[in-house]
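Taking it in order: structure first as structure tokens, then the write-up.
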Amino acid sequence: MCEYCTIELMICVAAQFLKDGSTVGVGTGAPCAAAMLAQKTHAPNLLIIFEAGGFAPQLPSMPISVGDSRTFHKALMAASMMDVFNTCQRGMVDYSFLGGAQIDTYGNLNSTIIGNYDNPKIRFPGSGGANDFAGFCWHTITMTPHTRKRFVKKVDFLTTPGYLTGPGSREAAGLPEDTGPYKVITDLAVLGFDEGTKRMQVEKLHPGVSFDQVQENTEFKLLKIPVIEQTEPPQKKELEILRDEVDPHGFVIGR
Amino acid sequence: MTNLSCGTGPLFMDPDPKPARAFFRKKEKKLINKVLSVKEAVSRFVADGDYLASGGFGTNRISTAALHEIVRQKKSNLGLAGHTTTHDFQILAAGNMHGEKLLARVDIAYIVGLEARGLSPHARRVMESGQVEVCEWTNYALACRLQAAAMGIPFLPVRTMMGTDTFHRSAAKEITCPFTGRKLVALPALYPDIALIHVHESDCYGNCRIRGITVADTDLARASKKVIITAERIIDNDEIRNSPHSTVIPSFCVDAVCEVPYGSYPGNMPGEYFSDEEHLRQWLEVEKDEVEFDRFLHTYVYNVPDFESYLALSGGVERIKELRTQEFLVPKEL
Amino acid sequence: MCEYCTIELMICVAAQFLKDGSTVGVGTGAPCAAAMLAQKTHAPNLLIIFEAGGFAPQLPSMPISVGDSRTFHKALMAASMMDVFNTCQRGMVDYSFLGGAQIDTYGNLNSTIIGNYDNPKIRFPGSGGANDFAGFCWHTITMTPHTRKRFVKKVDFLTTPGYLTGPGSREAAGLPEDTGPYKVITDLAVLGFDEGTKRMQVEKLHPGVSFDQVQENTEFKLLKIPVIEQTEPPQKKELEILRDEVDPHGFVIGR
Amino acid sequence: MTNLSCGTGPLFMDPDPKPARAFFRKKEKKLINKVLSVKEAVSRFVADGDYLASGGFGTNRISTAALHEIVRQKKSNLGLAGHTTTHDFQILAAGNMHGEKLLARVDIAYIVGLEARGLSPHARRVMESGQVEVCEWTNYALACRLQAAAMGIPFLPVRTMMGTDTFHRSAAKEITCPFTGRKLVALPALYPDIALIHVHESDCYGNCRIRGITVADTDLARASKKVIITAERIIDNDEIRNSPHSTVIPSFCVDAVCEVPYGSYPGNMPGEYFSDEEHLRQWLEVEKDEVEFDRFLHTYVYNVPDFESYLALSGGVERIKELRTQEFLVPKEL
């Protein structure tokens, strides 16, 4: 084991959820770093998709925008936004990787406003492609810092669908069947969703973190799986690849 | 809005995105070598009862090699999406002889004709016999149905076929626009089981380029559950990656890649060779007599092992050279 | 004046209806010859569109198929069938040029079957793109031989919309407003449509043809405009261009 | 199907195809020389009150020249289609200062942010002030709305936004699929009055090529009533005709062609130059203080005659050369 910072841990953990041969729609920053790391370790056949139109680039460095040149550098196809989201809606994309300002127990995300809609305290960008990705892809993975302000009982605005109001509600709303939030990776823990209630549950705790600590940083009541294991710390090899090849300038991991 | 009506034609394929999504989810997305012989590809990916769609446009950029192979392997009970199918339809209709039934149901936009060349006698015999179940559409309607499937939505609302018998014999339905109150025609998504698409270039994974019109093939490749690509040339993956905006069909849609130089013959391949009008006239001519047509088919299709042999019988590369001069408008005289 | 055959007359007449700077969707054969002739005479800016995806080619010769190489030879754009018909549906295409096995007084066309649908005497190709063109383009022009078998009271199958059952019926059916049949050019006459009744009317008679002769070759009762003029015979220059440049091999004009 | 609901957001533009068809009918289709200065193009084709759409993707392949000119000419009361608008939004939002109102209504998918670079302080001030009327959508929803318009149909039925506040604050409506009984979201067609699209190459008539991703620009050009193209290079019509499948926007959609080398600066132009991150940071930085931002805008936008002068102030061709080395991943060291 070797030293690492929390964001590195989060990225290494996130990377492990991306299976080889699967397809993933990613944004910039940590999600993209995780996808790149996965591709350079256990998932060389991970097919990365960017919403502006880039399919399966050979990423030379971290993109700054999900539509910049890097996102289709030596790609298999440089197409259109319609093609990307149609591919997702058609059922061909396994994972989407999102962030957000607020998240609730059902994995619903807010990236629109804080406060009252008609007189907001803060205006955030809005959905972008997040709502589309989270509606269409089979699994949604979220990466976010773990604070009570972010893990809230009720999001101020439901920008992007998680399990909405619980079991069956996505289907009732008309969203494709068998889709929804899969994992939430924070600086404290790895969380998943209880199959019966679709509520968020703690599945792994990062080294040195207790369940109570996670609960204290969460406004809603967390479920937990029977045996919560500790998150496996990043391997030396993973960290090397992350630091030397994925993000040598420290844009995301911040060195 | 009152008086919304429904077409009375049969809907051959389920437009629901749910089973399609489940299928596409399991489809292999890895970059694996998909190069196969046409024989192997057709044997492995075309099943009796499948619903088929032929790319290109009738006599232009068609996958003659795969179409012949389907006839040669005596596939049966197939469905077909017939947007301006001309010589491709003629080839498949040849499988409906002697009580055999290669084609069992056809979504029709344009069949039995070869445009300016006239009607196919054999295809007419097949279609007038009543042995094939039919549903009427238009070229745009079928293209829209493929686009709906490529988008993963169950229908597209458009303004075609309205007020006509084409609509009444289709399986489309009228709906009302929630914004304008206008009547529109809802076209059900069409997810073919298998598509046969001939392209200029593909890498061994199935990333394809087409030069010239794409007709409906970008949507067709995305809408179809299985896709067989025949390509004039297999090119290196590096070449694909050096110009990613030239890729029109991505590898994750493709199941088999077959290298078939001149594979659209006797059809036209843009920028490569023109159609062989003499040979196409011969097809139309021999079809007039069933016995003669049967003999022709045995000579050119059943008793040859592959497309290369068919091409050799038809004049081979020398004939292609001549068709190249026609394609490139080379003056005859020195 | 010089000698000409009927098909040459028809093509020259048809060409005159295509205004410079307008857009036209054409098929193979006589319609294409008319469009090419118009382009080489009074309408150099005629924008010719082929349904398989070719926009504004510089036609080196008559296409054999509306999807062959010629249809996008030195074109402005080689696109897709969707792009073509979307352009028509969007209202950007002025004329479409059609044929058919049968036509009725409202300009409805049959190119599907002769006889009973469930047990047809003859199976024709079907709509192809004809129904789409005639529904979306502003004006439909039809070229067809003039016989009683073709000019019928009731088409055996209404493949492609004319004025359907008369005034207002296209709009009631949902088709775009202000569209419909414009001219019918036959080997006997030039016909149009009465604005009030939307029924077919004789507007010009070809040289040597009488109204009665046209009516005899038409199953339904023809209207006529107050003063029917004689069709202007082709000019020498037009014929030269048609014979030498448009169709030198006589594919359509048959020499 | 019961419980169909409607978004409560304002529908800014008429989705009905009838007036759009009437407009497109009259649009000039001839090949005429459309080359204009950006100043002239914006002056002639952008009217106060118009609904605008910016091509490309925020900081990538955007028409900076046309965007600056709109601010410089103090256009007012504009609508905007905001699918991942980032620096383009930031530029336009600069027109909302000192009581002036360049932006009056925005269809939002993504605004006020610059992706990984953070949020724009000034754009936030504008949007949090309540002076701009808004309607929420998603990137896909806006792309679909443009596609519906490009197709000439009043809506497209898709499966996005369902069950979310994004839907409730949109102007979309739920409908029932006539084939499957499924609930779907109907997205109204969006016909912008004017589109600004930056491309790699255009001929003088407006036939355009884009290298790399097209984002939503092929539909945007077709959906918009008026289209201003800015191009890195004007090329000969012969070059267009030699490779017609490379044309992604046809001339009959285009009203003005402006040659603006480096015209996406400080944005990224694929295959040409990378984004100028220093300059973009400077924008974000100066925005924190309104007085400083005002001074910045006067220096860089209001008090210069054109984009070329802005570029010169920002380092000119020397800066572009540096951004080229970034675009082409040229190692720094010798």
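We call the chains A, B, C and D, going by the order they appear; numbering starts again at 1 in every chain.
Here, a contact is a pair of C-beta atoms (placed from the backbone, for glycine too) under 8 Å apart; a residue touches a chain by one contact, two chains touch by 3 or more.
Given the structure is predicted, the values throughout are model-derived calculations rather than measurements.
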Pair with more cross-chain C-beta pairs in contact, given C-D and A-D: A-D
Gap in Å, rounded to a whole number, between the CA centres of chain B and chain A: 40
Interchain centroid distance [CA atoms averaged], chain A/chain D, Å: 28
Interchain centroid distance [CA atoms averaged], chain A/chain C, Å: 57
Per-residue multi-chain contacts in chain B, two or more chains: 17, 151-153, 158-159, 182, 184, 212-214, 244-245
Where chain C touches two or more other chains, by residue: 54, 72, 78-79, 82, 89, 136, 176
Contact graph of the chains (line, ring, star, complete, other): other
Complete list of chain pairs which touch one another: A-B, A-D, B-C, B-D, C-D
Complex interface listing, chain B residues touching chain D: 11, 15-17, 151-159, 173, 175, 177-180, 182, 184, 186, 188, 210-214, 244-245
Interfacial residue positions of chain B with respect to chain A in the complex: 17-18, 20-25, 27-31, 149-153, 205, 207, 222, 240-242, 244-245, 247, 250-252
Of chain C, residues touching chain D in the complex: 20-23, 45, 47, 54-58, 72, 74-79, 82, 86-92, 94, 136, 138, 176-177
Chain A residues touching chain D - in the complex, by the definition given at the top: 27-29, 51-54, 60-61, 64-69, 71-72, 78-82, 85, 89, 108, 112, 117-132, 135-136, 157-161, 164, 169-170, 172-176, 251
In the complex, chain B residues that touch chain C: 56-60, 82-84, 86, 108-113, 115-117, 119, 124, 127-128, 130, 136-141, 143-144, 147, 158-166, 169, 174, 182-185, 212-216, 218-219, 268, 270-271, 274-275, 277, 327, 329
